[in-house]
Amino acid sequence: MSNIMNHNGAAMLAMMGKECVTIGSDLTFNTGMQHQGRVFKVFPVTDKILLGLTGLFSDCQTFYQNVMYEVKLLQLKEGREIQPQHFGVLVAHMLYEKRFGPYFIEPLIAGLDEDNKPYIANTDTIGCLTEPDDFLVCGTAAEKILGPAESFWEEDLEAEELFEATAQALLAGIDRDSSSGWGSVVYTLTPQKMVTRFLRNRQD
Amino acid sequence: MSASVAPPLPGRHSYKVEGTNINFAHGTTCLAFRCNGFAIAAADSRSTQGETIASQAVTKLIKINDYIISTMAGSAADCQYWSRYVGSESQLFELRNKRRMTVAGASKFYSNILIQYKGRDLSVGSMIVGYDDFGADLFYIDNDGQRVRGDIFACGSGSTFALSVLDQEFRPDLTEDEAVELARKSIYHATHRDSGTGGQINVIVINEKGTNWVVKQDNFELFHKYINDPSPYPLQ
Amino acid sequence: MMMNQLVPHQDRNKEAKKNEWEPYIDNAGTCLGFTGEDYCVIAADTRCSNDSYQILSRHVTKITKVTDKIVLATGGMRADYCTLHKRINYQAEMFRYKNKKEISLSGCARLLSNILYNNRFFPIYAFCLLGGIDEIGQPVLYSYDAIGSYGKSKVGAVGSGGELVEPLLDSIILRHHRQASVVPTISNEELPTTRGEDGKPIIPKGIAIEYAHQALVAASERDIHTGDFAEIYVITKEGVERHMRELKAD
């Protein structure tokens, strides 16, 4: 709890399926050891890109505003929507810009590109981009989600199965982490639509 | 966590193993109070190692004997071991003297042990709750050697939350049922707001018949009973 | 206080630590355990690694059989837990000679707690899981911290991969958050069909062994100190079975 990255607490997981991605997070907003209330930690960027931010929540909000400025500017300039791959690079660049006074955040990006190819990525606090083709975890509960996620994830899951795997891994991890919880939400992104589902969590 | 640790004193170095439940005073809520004719001890059941929840079903109310309970905050091993030790001594006392050890006696005995180990990094913050020939009695003891008699005590990271609920409705003339409900509510609100507190809510009543474990409920069951939140989710 | 924490704390205490004798090495590895209807499963990997990234051995056992009904698995420092295993086995043997019967599980659990607490001020760097069949034939698992606090638990995991494995066991063994209303569940999982009184499925022994293996596979995938082989002990009334499975060796 002495670490600034763990001050607000978060659990986040993104998984990649067959023409679909999911991203889930808990809802708690901690300060140190107190649960203060609930906030959303996954932010919409475009219709097909979601940005999850863990770490210091004030930095998360600031960073989201800054990144949206760039995204919208690009939209106006070029009249097209940013692709998730490019968005990943943008985020990495914006974080590395602040190399010696970093944002205390770890972003997680999930999206579908124009060919409906799923894309997930995350970076560390100073913008080292990783783009795996299975799943990614972030936040204080990262290690605890990693075990179940490793066991539940498979290649080419359909949207419903992928949601189930995400939800189960997320719930299992959150229950073993004291500073995340208080409800959670999972977004399932398919070419047709985005589905938002709230999960019943322990409230302690 | 490691940043603020003072350098070890020469000569009296005691080693610590990371991942041990040392100092989980920062992650618990225990409370105890005394009414006319009975006493209540209540606690949550979460044990944390850093931010990880090591267990959600720990028994933090330790039976010293049939009439005395000690609550557990601090290092789990210290509390368990020395409560066990006081328990066996209280049994021997009973065999030798043909009467039960008083709560004052047991807590004094416990406290004396802690004083002997003072300065050696034992970590104990405990309420000794019980019923003896003089009625219900309650003491707070800790590893500094403090031993205080009182009517209401709470300790641990969630104790402020628990006390604020408890203080509002506490009266010495509560009935047993009212007192149990109050204890459950107090611990519940601590589990809800404090991240170091959680799991089950345990309440024990101690009266002239002995100790009686009356509540063992999960936090999850009680959420809709105590928290009246029309929109639990934030607006995006 | 907050300002202090903003500074990366890597350089702090370095000067003080330089000349200090360091009594502990974490040889890492993962142990897990859980109980079923009439059996207790205890499993561990067989890798022994250094504080750095070296593998010292790939064939090291972290588990010892104390009696025909008690098994002890330990993670932490190898020197410490080897000695601890020896001491427990010696005490169990002495009990056998003196009393002409085996030590009970609850007795053994208390004994282990006392041994650990006797080293309170220079702890034995060992995180234990003690499992078996108790006096009334029920399977029980005890989990410990390094200085002897212990408690019964349905599932437990200790060691370097403990954090990864424990929530996984919560999910696949205790079936937390797996109400019937939820979509059938993860497809590759062999679901046991019989259900107990609480509506949760009863896991047969054969599947339990696979679950233990699966959990260690997940741990070895993401924890560099876990791997090589899985050693799985199943304790029933009839005695102790030992199974070996392969894990990742990289």
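As written, the chains take the letters A, B and C, and residue 1 is the first residue of each chain.
One rule holds for everything that comes next: a residue touches a chain if its C-beta (ideal position, glycine included) is under 8 Å from a C-beta of that chain, and two chains touch if they have at least 3 such contacts.
These numbers were taken from a predicted model, which means no experiment stands behind them.
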Core chain by centroid distance, with centroids computed from Cα atoms only: C
Greatest separation from subunit C - chain, by CA centre: A
Rounded Å distance between subunit B and subunit C, as computed from the means of their C-alpha atoms: 28
Between subunit A and subunit C, centroid-to-centroid distance (C-alpha), Å: 32
Approximate Å spacing (C-alpha centroids) for the pair subunit A, subunit B: 39
Sites on subunit C at which at least two other chains make contact: 5, 163
Sites on subunit A at which at least two other chains make contact: 2, 144, 175-176
Of all residues in subunit B, the ones touching two or more other chains: 3, 52
Complex contact set, residues of subunit A against subunit C: 2-4, 143-148, 150-152, 154, 157, 160-161, 163-165, 167-169, 171-173, 175-176, 199-200
Touching residues on subunit B, where the partner in the complex is subunit A: 1, 3-4, 26-27, 46, 48, 50-53, 56, 157, 191-199, 219-220, 223, 227, 232-234, 236
Contact footprint of subunit B on subunit A as seen in their complex: 1-2, 6, 9, 27, 30, 33-35, 37-40, 140, 144, 175-179, 181, 183, 185, 198, 202-204
Residue ranges of subunit C in contact with subunit B within the complex: 4-5, 9, 12-13, 16, 23-24, 113-114, 116-117, 120-123, 125, 127, 143, 145-151, 153, 163
Subunit A-facing residues of subunit C, complex: 2, 5-6, 161, 163-168, 170-172, 176-178, 182-188, 214-215, 217-219, 221-222
